[in-house]
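Paired with chain B in one complex and with chain C in the other, chain A is shared by the two complexes that follow.
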Partner chain A sequence: MQQSIITCRDLVWQPKKTAFSLQAIDLDIYVGEFLTLLGPSGCGKTSLLRLLGGLIEPASGDLLLRGKRINGLDAAHRPINMVFQNYALFPFMSVADNVGFALRCQGIRGEAYHQRISEILEKVHLTGFEKRYPSELSGGQQQRVAIARALINKPSVLLLDEPMSALDKQIKRSLRRELKSLQKELGITFVMVTHDQEEALSMSDRIVLMREGRIVQIDTPRGMYESPKTLYAAQFIGEANIFRLPVKSVHDKSLIVTLCDRTFLIKKPLKHEEITTHVNLIIRPEDFQAWDSSEIESDKLYLPGRVESVIYKGSTVELQVILSDGTPVSVTEFFDETDETLDYRCGESVHLSWQAGWEVVLNDDS
Partner chain B sequence: MSVSLNGNIKEGLFHWHGLHYRELFQPLYARLLWQSFEFSFVTTLTCVLLGYPVALALATMPKRWKPICLMLLLIPFWSSSLVRIYALLTLLKAKGLINGALLYLGIIKMPLPLLYTKVAVIIGQVYTLLPFMILPIYVLLDEYDSSWIEAAKDLGASSTQLFWRIFWPYSLPAVGSGVMCVFLPAMTLFYIPSLLGDRSSLMLGNVIQEQIMNQDNWPGGAATSLLLTAALLVFTLVYRALFHKKRGGRLG
Partner chain C sequence: MNRLTRSLFFLVMAFLYIPMVVVVLFSFNHSLHSLIWHGWTWQWYSKLWHDALLAKVTWHSLCLGFSAAFISTVLGAVVSYSLYRYRFFGRRLISGLLIVLIVIPDLVMAIALMILFRSAHVSFGFVTLFLAHVSFCLPFSVMVISNRLSDLNPQLLLAAEDLGASLWQQWWWVMIPAMRSALLVSALLSFMLSFDDVVISFFVSGPNYVTLPLHVYAMAKLGANPEINALCSLLLLLTVAVVLISQRLLGKKT
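Moving on to the complex of A and B:
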């Protein structure tokens, strides 16, 4: 059992004048982890971050820091600091003045003041930038100034609100790695808000997936991708082919469904009583394999279809296939030893199969 | 300006009048220059003290009130400034509104001598020039980023620190512009001291007016104007040295 630094118990936030709210937020944030709050805009991820930072107050529920209730404690007195979206750097202050702001507010001056600033600037690799102004820095450098400014008081938790949104696409990738390694180096708990699932998958220790003011699922990136608990999670994280299929019969450890007039035996991950007339079968594009007619003996276990479009992406080929029953399906094929010449033409007929057991079976989202 | 148009054709149309510049070195002019400076300084300081809170309030008030309040601020200035000074006369005179109200409330027994004093001149100048202080400060403050407030609070700033460490330094260039917009006209306005002041509240502007309009002494007026211009130039240079230090631009 990992030690939690922040605990949310049944947290509710209800702003005036809007229909939006955060409901029943239960969340444990562990010491030293990189946690991501993920969801589409309006899902409440930023509000949750602001609740943690003390910029807004919950209507009910408990917010605990190392087991102590901190509801009502203002932002200044929480050992939690925030990196704001677009960084909120003070443009009329130099880098050193921005970074030292919190120290000046506490009346720290002289040798100690400058010492702390140069220490923290060294950590974010900005030594020598003290006298520059924010407008003279690149987006990545501004981000590091914002991080340094938030870290100067040695907080236990650093909150980051969409830290990558203000950056160019090209440098995002390298900054992800940089931010992740900075977090490891500092050993501080990071809680980051993002709407970018790729960012969440590549940086987080755990992902908190949110929807309409509620937490949908908390899992590791791998868990989130490979065993989504809801259709929403399956669709939001990565690409997913979802087939809603009638259940033919239910057996002890399996159930039988039909797809394109073919019967498939699916190992039963749902409890018996949870199975209704329909189930959703989720298959990731890369779990499909496409064969041409000469490669298969009988087409009984394959889904027949026609190639609609082919997108070559260097290391992969993405196919859009229309199954015989008219369902569009995404298929991603990798170049590897077994199949070096992935040569597909539009209009070609193909037969799809998937690795048995890699499918995910879910009920409809309630 | 160093050459003045002279009515006397025999002397030629243009003529150098070195004498008038020598006159400027009389202690009288130094005293008048200093008095103009004092008046303008007090006017400018009062405008900062009154105008800054108004600008801050305008910038931070809810969006839907802003246009209304800006209109209320600007509507009086659609009428002639001379007319507004006459309106001040009716407020300040012995049987005017202010004295009347104070007498009615029993705060004073005798009417206060408000009109034709230095205080009246200051009131007139502040009233005329206040919008030129409020507007530049408001325009800059209005563009503050509300996330600065949150960031400052998150970093432990109290409300006082928020003002003195964020709003004040941020708005300082605008205060500088406001000071220029108020101080320079205050040095040269002549009709306010002549309407609201007495003989002791004369400024350089009044001297120029007197020389040109009443004494028909155009060369003298020109020379005095040059003195005033030179004083303003010095002031502008001092301002530039103070406010145009290298500072970072805004975030793009």
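Moving on to the complex of A and C:
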């Protein structure tokens, strides 16, 4: 069992005059992990981050830091600091003055002041940049200044509020790598807010998926992608083909559904009593395989369809296929030793199959 | 530009600037009354320099200008900050009212202030002038400073708060440096507005405290006077300097 550093118990936040609120937030943040709060805009992820940082106060519930209740403690007195959107560095201060801001606020001067600034700058590999101004730094260097500024008081947790939202894609990718490795080196708990599922998947130890002020699922990136607990999670993270199918019959370990007039036996992950008249079958595009008629013996176990569009992406080919019952389906094929050519034409008829057991079966979202 | 627009352009420029050239030129004219050129002289400038009454009213205007500029800039900063940082009832109304104050005719404001001071039994002199000048400079200060704040990243203040800055420290280390150029521009603008005001000052000044523009106005009524030409040339020089300084300050936004 991992040790938690921050614990939220039934936190509620209800701002005045708006319909929006955070409800029943239960969350354990573990020591040293990289946690991501993920969701579309307006899901409450930034508000939750601000609750943790003490910039806003919960209406009810408990917020614990190492088991001690910290509700009502203001931002300045929490050992939690924040890296803001686009870093919010003070443009009229040098790197050293930015980093030393929190120390000056406490009246720390002289030898100790400079000592601590050079220590932290060394940690983020910015020694020698003391006299530069933020406008003279690259995106990566600004990120490191922002982290150094937030870490100067040795907080237990660092909060990051969509730090890379305004940067272009190329820079983002390298900054992600840098941020992740910095977090590992420093060994500090990071809690980051993002609406970018790719960012969440590639950086986090665990992802907290949110929707309309509630937590939908907390899981590792792999768990989130491979076993989403709701249709919302399946759709938000990665691409998913969702088939809503009537249940033909239910057996001990499997259920039988029909799709395109073909009968499929599906492993039964849901409990018996949870199964209603319909289930949702979720298949990721890359779990489909497309065959042409010469490659298969009988079309009994394949979904017949027609290629609608082909997008070549270098390492993959993305197909839009319309099944015989009219359902559009996304299929991603990889170039590998088994299939080197991957030559598809629009209008061609194909037969789809998927790796048995890789499908996810879910009820409708309540 | 074709020839027609070019000639029109020069015509407009000439129309705008010829009066100033004339004033400057005649301030060096060696003749008391004539509007014909009689040769070069510094005498009007030297006469200006030795005019004790003029020195006194100039001193009045400088004191008034500096104090009004300082107070209106300080108040302007506080008002702009409140409008920027807080969302309160009547916020938009206040912004709107400030714009009304900018375009309101001077005469209306002058009479309003005069009635107010009369009914409050304030004796007319420095205090009434000062209050009047602050009240007509303040909207301009708020406009200049608010405009600068609207470009300021609001996260800077949150960051300062998160790093443990007290309200005072947030002001001193974040807000004032961020507003610095706008504060200077506001002060310069307020100073100029105060320094050349005639209409409002006319209604709220007393006999013991005459300002430079009021004095010049009185002098000009007595007829053409080369001394006034010299004075106007100096004021023109001052204005150009202020414009250049404020443009440089606004140009480089730190």
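A few remarks follow.
The criterion applied here is as follows: the second predicted complex is superposed on the first by the 366 of 366 C-alpha atoms of A that agree within 3 Å, B and C clash if a C-alpha of one lies under 4 Å from a C-alpha of the other, contacts with A are read in each partner's own complex, and residues count from 1 in each chain.
Heads up, the rule we're going with is that a contact is a pair of C-beta atoms (placed from the backbone, for glycine too) under 8 Å apart; a residue touches a chain by one contact, two chains touch by 3 or more.
Nothing here was measured: the structure is a model prediction, and the numbers come from that model.
Because the two structures share chain A, they can be overlaid on it, and in that overlay chain B clashes with chain C.
Once the two complexes are laid over each other on the shared chain, residue contacts for A:210 go to neither chain B nor chain C. In the superposition on chain A, contact of A:331 is made with neither chain B nor chain C. Of the two partner chains placed by superposition, chain B and chain C are both touched by A:55. When the shared chain is aligned, no partner comes close enough to touch A:362: not chain B, not chain C. When the two structures are aligned on the shared chain, A:121 is found in touch with neither chain B nor chain C.
Between chain B and chain C, it is B that contacts the larger number of residues in chain A. Contacts of A:200 after superposition on the shared chain: neither chain B nor chain C is touched.
Across the two superposed structures, the residue set of chain A contacted by chain B and also by chain C is 53, 55, 75-77, 81-82, 84-86, 88, 90-93, 101-102, 104-106, 149-150, 153.
Interface of chain C with chain A (complex): residues 153, 155-156, 158-166, 169, 173-174, 177-178, 180, 254. Those residues of chain A that touch chain B in the complex are listed here as 53-55, 74-77, 81-82, 84-86, 88-94, 101-102, 104-106, 132-136, 142, 149-150, 152-153. For chain B in complex with chain A, the touching residues are 145, 147-148, 150-158, 161, 165-166, 169-170, 172, 247-252. Those residues of chain A whose C-beta lies close enough to touch chain C in the complex are 53, 55, 75-77, 81-82, 84-86, 88, 90-93, 101-102, 104-106, 149-150, 153.
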